[in-house]
Every structure is written in structure tokens, then in C-alpha cells.
């Protein structure tokens, strides 16, 4: 987070006191291997992650929560923990490898949680709402979850693998208006942006176009990789397709910071490739007139057939 | 000479006093061999079966160990049978009245068969009318007869038959007793319409100002009033008032009352103060035909049901195709006007998928083929069926598939991955126009990923057990399998009966079935019940507990143990007594009695101790510790 | 294959294609996952290990959560990749190249290093496209979002020991 | 002969008490489904797991069984409504009592299997056989006490029923 996701880190540090979140960085963490390491050496990939888990367990002060802001880091930590729990043989092998570095990890010792999960489910929407001083009224946002936070979801932390609602609820708590769109958990292209840009550009265009069609002023992400692909590669994608999409992509922590009244600069806003300033200018002081409250399904019969409800 | 005759011959020639048959599980042939003994003049309960097929031959591969186990089982059974006492079966009279639960096609068929034979039937239906799911259908496969045309006469016969006593808008609350002698408590929900006075003229429905979406009969694509008929051909032909939407009830019993005002009967048929009623029925047998629930397609968010307007369920399409339905039989998009030009039908929605239901819903392939045919016939649209396997094993079913192929319906072999309203790229968008839904699928036969643009999607949602099947099962004392369908006595040889004597299952309550199979099961269940009724009485296993008064110390440990209230304490003599009619023979009290005063016929301590000894006769006890 | 969690589920595959249909890169694959499973069953080892499919996998896990037979498809893809590298059979040298370059950085520094990763990967495999991507890299630098030099973790010796041991153990498992 | 010497070849004998409605039928189903499991368990059918008197278990163990399996319908699915809960309570107490005899609790296993769970039942048997193999042959601390002369413990056991 120190580098390419600098704005994510800055905004998180800026809001942590507001949401009563005490963070402690694992000293001397190593890379989780993303999806690449697993492709080359399976056991070593788990050992790589195992080192982080073991370091976390050894360094943790009064907590067993281990949080990650990145989808891949989160998934790898959760995966190694879950697979070591399920597979005694793997647990054994990984621990033998860790022993070579004087470490050991008992699976389950750390509860691996994504940052969004902690904010939504532990801190809670009400606590977040209570800290809001500048609600994001008038801002239409597309919550984008990507793949690896909600899938495969080893410990059933989310309401859906396909159409989750946690971040939408969080953004609504901040006063913004989450738009309904179908691409919430579609792939951002992952590493294809490097190894097969044509594939990635197609996926990025679809996401950006879909968000724009749904009426979103900006896309909100929970992962540095997704942010990078949608933001930095949006510019490349525009060149590739000769298009001119200008959909800014921010982290949910940055929007939390704005709603909590922090200065945009302290939240790393301005470091994005697609300028977020025009979108953020839409934030109004007043809450927009809410469309009439939802009533029990009793539409007037016209020609149209009634729509089935979501519940 | 057949095996049974051999045994009979041996009993006579060798003057046998006990018989052990080492063969299959007693659940299969215990009755058979007891019959052999009885025919030979032996008490049938002096025979036992040793199960060396299901429990040995079919499950073990090590022949030496399996043979040793088989010998041990035989030895245990021989030791046990020596301790068997001659018993008399318990004879119970069979009440000639029958309870049928569920007024769908299976239940109607069962009730009519029993009634036609001249016996009284109580037909209980939870909804306000008979008919079940079949009443919602448009055409029936493979012949395409109109469902209403073949169902309505049956409903009318059941409604009019002097021997069929109809309880609609009612549920069974409690069942007590045992085969031949059940006492059933039925809850009649208030209809707020007096059944005896109402003539079914319909003025109340006409005058009611409240229009709401009809989620039940019209599957959510049509409307009804707050006071309404379940549907046009409802039996009984009486409206029912929905207090959740009626202005009078919502407003805290004030206002409106239009139905009452315009009701022409004297006295007035509208009864706002009608209360729930309870009726007690005495019956000898029970047929459960409680049907199924539709899989909730919202559980698969990637198919978009509830989110994307033009994604429909198969049940919505049934109502849409029906001439009496909300669109008058026109197949249209959610806007109610536009006929679709491209329609995708997705098979196996919620079926054959470990994330939802593992079972095949059995009817959706044929139903989807029927839908494809009807949509093609009515709109001329291009129709795509997305399937994993096409299953058409019924009579004339595959011929129907051939017909649909001939219609020019497209078949894509692949489980649909997702349905999206968002085009992949601008080219796709401009090719297909706004409002297109994209069905993304791997065409497994072509070996490529495809995105097929359509205007309308029909999801073939599967059949699920009723959401309350496990509670209903408990009420009637029968079990559900792990996936929720009622368990039959034997999957092949006795698919109608259950483990509980006198309780039978027909139709989809036991698993997904098409209409012919449901009707057959309704008839079969009736035949079983009529058989019992004609016998007049039934022989039950004489497995019962009884107290040896001279041994009973009056400690009362057993008193709280019986869930059937068969155990009572006689204050005068300070002993416990067991009512044989109420006792079900579980033996829990036998095991609990510290004085050994409770006897369990058929499973006595002596029998079980002997069996344990016999089972362990071959055990080498050399591992006993040496005494140092 | 036996080291993959859930690999023994492969014989449950009913060839429905929900994996191939769900895959964001399904259209680019020579064989969809479904077809790979059929090829595995047919013992077509070389065709499987030469396939580009595992390399196009973006680890989105759609196939895994949608599979009606609960086959851990994404994990199987990882296994196929490592098998292909070991067998020296892969469709396009560029694809495993990225993984190997990435792994290389992790093993040297303990962390990944975007500038080096992208540069080295592209120099090796797409020298011409590097120039096109340069503005993106410059943009990252300008915004303080990319390091010019890789950062090496302190416990590098420890990490190396762990990874060496793990690889030795993994080798032993084969 | 010590237990350690014959763990590899040791084949335990286990008596399985099954109820007529669920677990015995699960065993039937395992048979009709041809599901394979180890031949070490010999079944006795009773109408309900509630019929299983703790003395049956003691009898089996003292007559040479290395373990006893008690199988009933799943909690809440008892054919006799709730009698399997009584089996559950007795089993708890029985394990405690046996522990006082020096007998490992794993030798008396309680399990649930519905009539539809042939595969689960077979799996349970395989697991138990493995566990008892690990434990080795049952070595009574003294010579087996003939059943009928253990009354000291029996009143305690019967309290569970109350």
C-alpha cells in the first residue's frame, strides 16, 4: 500500500480514528505471491503466505484479526489459512517449511478479514453514519467489488458471491446514492493488463461503460489492483479504443474520509489518473428529494406486468 | 422346490420349533418368512432373519472377514431366537374414514377413488380452492391438452361428491393415534365469507376497490382484489378476504366495507368477525399429497430474476400463455405489449446443482420444450433452449422433443453462466439494440463461449420440497430425506407407503413427478387405503412394553419418559401401568427401569443379551490382560 | 494433480460448461476448463499441458462458485500451470514468463516491484509494446505511486530459507 | 501380548446397536447401494436407540467387543419423537462411567444416520473402526466383571432415564 496504493493507505490512516480502528502493520511482511506464485510452486506459495500469517500472529497485540485491503492479499491469506485448516498434510508441510525460518503457524489463529468486511460488519453502518459530517448527497456511485473478496469466500462472510450489497449499504450510509448495476463482481482484468492487454482493455471498457450507463459519477473500489486497472489502464484503454471515458475510480476509504470531513489532499485525492474533481463537485449540501418511499407492492394496473420483488 | 416350501417341509419333518433365515434384511422379507412359519403351524414370531446380504455380502470385499461376520450374525440370531416367545399380532380395527391432505391433482385423484368405493373422505386443502399447481398451467405435455379442461371436471366431481368432505383454507394441526384410529385436528382459517350463505355471485369482488399483485395463482404477473376468488374455476366457488391488504383491516377496522355493503344475500355473507375454527376428525388412514414449491430463482443472482425485467420464471410463462391469464394468452415482455423476437429458455435452474438442489426436477425438460413450442407458435420468435441434458423418458415425450426440434427451436448444450443487460462492447450493443439481454454460455458441443442476445429469458425453476415439509412430516410421524422429500417405505417396492402404518404419500410430496405419475400415485394410495378398509382390521407388530407389577417399586423413573403418554402411575397400588393401546413399542422405559420390571415384548433383555453373546462367540479373548 | 485441493472432484464433472461460460477470458482460451477436464479424462496429457487456458485464468473464481459439482476449478488451473512449467510444455512463452518474473522478484526482494516487473516482462516478451506503456509508468511515478528501486525486506534470509525448504518438500511430493 | 505389537494387524470387533427406523435402514441402504465399509461392526436391531440399556454396552464390552456403536435417528427426527435424546443423555453418562473403568470414551460412539444416509453410516463405521484400531484391543483393567454383578453403577445409569 505504501506505493501504488498510496491514496488507499493515506485515506485509511486519515479515517482510522473516526471508526475506532487500531491498525498495526506486520513488520517486514513479504509479498503474498498474488496469483502468480501459486502457478509455479504450490507449497512454496502457501509457505510465502504462511510467513505473513506467522509474523502476524507473533506480532499481534491483543487481537486475532488480520486485515488486508487488497483482494489478492486477502484471498491468499484466507486461502492458506483455510486450506491449512482443511488439509492436515498441507499444514504439516507448510509448518516444516516455516520451521526453516524459525516460524510456525497454527491455522485459525488469525481471523483473516478484508478491510471492507471489518468496516461493514464489525464497525457497522450505524457507527459509520454517526461519524458523517459532510454527507455525500447527490453523488451517484457504482460499488465495484471485483472477484477475490467475495469469491470463493472460504468463511461465508458476504451475502452473495455474485451480487453483494455490503459496500452499497456503506456508501448509502455516507449519503451517496449507490446505483444498481450488473457488473459489481465482474473481473477487472487482473494481471491480463500486463500479459494480455487486449483482453483486459475489453473487460475494463465494459466495466467503465457499464458504470457510466448506470448513471454513476464514479466507481468505488476496495482493491489496489482493481483501482489500478480501472483508473490507470482506463487511460490506456481510451487510447486503444479511441474512446474518451472519464469515470474516476476511488477507494471506499477515500469517500469515507470525505464524508467524515477530511481534506481531499489528506485522502490522496488528486493522485488518480482520471480526475475525480468534477465528480466530487456534484456533492450537494442538501439531501436530494428522496423518491417516494417504497410501498408494499400494489402498483396500478396498466399495460405493464408487475415486476417480481428482490426478496 | 422353492425355498419357502423347503422351509415348510423342514418344519414339518424335523418338528422345528425355531427358524432363522440368513438372507436379506428383515425389512424386506421378515413378513414372507413369518408367513411360511405360520402356514406350517408355527408361531410366526419364533422366526428371525439374519441380514447377511445388505449388511455383509453387498458391503464387504474381504471374503474371509465377511464370512466370519456372517457366521457371527447367524450365531447371534440363533441365540436370540431361542429366547423368542410366541406372540400374537395386535389386531386393530380400521376406521373406514380417510384423510387426504392436499387438493392438487394427486390428492383429488386419491379422494375420488376412495369416495367412489363408497367411503367417506376428508379432503384438506391449505389454499382457498382445490386445484394445486396444475390449475395454474396452460397446456400439459406432451399432448398439449388444456390443463383446465382436464382438471376442472375432476375438481368439480370432488367438490360435488357426497362422500368427499371438503375443507379448503384449512390445515392439519395435530395428528394423534395410530393406524386405523387416527384423531386429526384441522384448523379452518377464517375466510370472512360465510360458506353456507354465500352464493358466489361475485359482487363483493367486483366492488372491492383494492387491487394487489397476485403472487399465488397468477405467479406475480397478475392482480387480484383484497377479497377475491383464488381463480375463475375455483372449488368451492367462494371468495376469500385477505386481511393484509383489505382497507378495513389495515385501517384498524374502519372504513370501506364495500363488500359487505353490496353483498346481496340475506343475512349478509361477509363476516368480518369470523374466527379460526378447529374441527376434530376420526380417520383410519391418511394420504399426504402436499405437493411442491417452486425454486426461488432470486437465489441465483447471475440469472437476474427480480433485477432484470424480462427475466421470467416458467410459472410466470404458464400464466402468460393461459388464455384466462393476465395477458389473455399473449406472450409479451414485462411492458405488457411487446412480443419478444428472441427468447431464451434456461433449463436446470436450481436443480442438479450442489449449490442449490442436487436432484433433477424431472419435469422441467418437458415443460421447457412445451414452453418453447408455445412461444414459437404464438410469437414466431427465435427460441433457444439451454440445457445440460435433455431428459424425456415418458410416454410420447421424446416424440414431443422431435416435434420441437422440427419447429426450428435452437438447442444449445451448456449450463447458462450468466444473464446480463450489459453488452460486452459497443459493437455488440449496436448489433442488438437497447433492452437486449445477453445469455452467456459455453456451447459445449461447438466448444466455444457464446453470448446469445435475447429479448426475454424464461428460467425453468425446479421443484423443491414444501418449505415446511419437515414440520408437516413431524405432525404425521413420517420422515423427510436429507433433501426434504418425504421418505417412502421402500423406494422401489413400496413407494406409496411410509414407515408409519396408515400414512401414505402420493404425488410430488415424495419427489418431483409429472402429472401422469402424480395421478397414478393418487390412485395407488387410494387402493392401499381401500385394501385396509376392506380388511376391517390390521395386524400390528406385538412389540409393546408392559409392567410386571410385583417387581415395580413405584420409583416413577419411567413416568416422564413416554412421549405417547402411555405410562401412568396408579396411586392406590403405588405402581406404574402401561396402556398397550397407546404404547408404540420404542422400549425406552424398558431400558430405564432399574428394577427390570418393564418387559419389552419382541426385544427383551434376555433376547438382546443372548444375541450379544452369540455375536461375540467367535471373539478371541487372548487379549485379556495376564494377571501378574 | 493429486496435490490440488478438490482435484478428486474432477471425475464429478458433468461437462455442463458453466465454467467455460463464466470465464472472462473464455473466448480467448484454446480449450475451456470443461474441455480440459474431458482431455484429462482422455489422458491427453500433452494437449492439456500445452493449453493456454490456465495462463488466461484471471483467478476471478466465477467458475468455482458456479460449478454445480463444486469442483475447485481455479485451484486446478494453478496446478496445471505448475505442471506445464515443470514439463516445459506451454503454449506461449510469454504467459508463464509473467508468473516467473513475478516469482523471481518475490524471491529476490520479498516484495513485488511493478516498474521492474513490467519492464523486465515486456523487454523479454513484448519489446515493442514497452514504449507504448511508458506513459503509464511515468504517470505512476509522477503521482508517487511507483518506486524506482525495489524494496528488499529485512528477513530475506529467513524467507529464502522457508521457500527453499518448501520447494524441497514440494519436490519430494511429486 | 501388548497392544502396541498388534496395532497393524489388529482387527477390532465392534457391536453396533441400530434403531429399526433410521440407522438400521441406513445400513440396509448402504447395502443396496453397494457402499463398501470395513467388516468389523456387527449390528443388533432394536426399535429405538432409547431401548439401548447401558448394560447392553457393558455386556458387549465384557464379552469381548473392542467397541460399541450406538446409532439412532437424527435429533428431532426420532420415529418415537424424542427418545433418541434419551440415548444421547445415557451415552454421555455411560462414557463417564466407562472412563472410571479406564475405558477410552472413543470406544463407545454415538452417531446419527437417517434412513437416507447409507453413505454417511458407512463412513461413520469406517471412522470408528479406524479409531478403535488406534486404541488397540480393549484391555480391561481387571478380569471382565460379569454383567449382573455391576449393580454399584447401575442406579447411577438409570438416573439418566429420569
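Here are some notes:
As written, the chain order gives the labels A, B, C and D, with residue 1 at the start of each chain.
Following the convention adopted for this analysis, contacts are C-beta pairs under 8 Å (C-beta built on N, C-alpha and C of every residue); 3 or more make two chains touch, one makes a residue touch a chain.
Since the model is a prediction, treat every value here as computed from it, not as a measurement.
A count of C-beta contacts for the chain pairs B-D and B-C puts B-D on top. Taking each chain's centre as the average of its CA atoms, chain B and chain D sit 33 Å apart. Computed centre separation for the pair chain B/chain C is 49 angstrom, with centres defined by C-alpha atoms.
With centres defined as mean CA coordinates, chain B is found 45 Å away from chain A. Once the centre of each chain is set as its mean CA position, chain A and chain D turn out to be 51 Å apart.
The set of chain C residues touching two or more other chains comprises 62, 65.
In chain D, no residue reaches two or more other chains under the touch definition. Each of the following residues of chain A touches two or more other chains: 162.
You'll find the chains touch as A-B, A-C, B-C, B-D.
Those residues of chain B whose C-beta lies close enough to touch chain A in the complex are 210-213, 220-223, 245, 298, 300-302, 304-309, 313, 316, 326-327, 332, 334-337, 420-426.
Considering their complex, residues 25-28, 51, 53-56, 58-62, 65-66, 68-69, 72-73, 76, 474, 477, 479, 481-482, 487, 499-500, 543, 557-558, 560-561, 563-564, 584-594, 600, 602-603, 605, 608-609, 611-613, 615-616, 619-625, 627 of chain B touch chain D. Residues 302, 348, 352-355, 388, 413-418, 440-444, 447-449 of chain B are the ones that touch chain C when the two sit in their complex. The part of chain A that touches chain C in the complex is made up of residues 3-6, 28-31, 33-44, 46-48, 50-51, 72, 75, 83, 86-87, 93-94, 96-103, 147-148, 151-153, 161-162, 186-187, 189-192, 194-197, 199, 203, 232-233, 235-236, 271-273. Residues 3-5, 24-25, 28, 54-62, 64-65, 72, 74, 78-79, 81-82, 85, 94-100, 102-103, 105-106, 110-112, 114, 117-118, 121-122, 129, 133, 135-136, 139-140, 143-147, 153-155, 158-159, 161-167, 169-170, 173 of chain C touch chain A in their complex.
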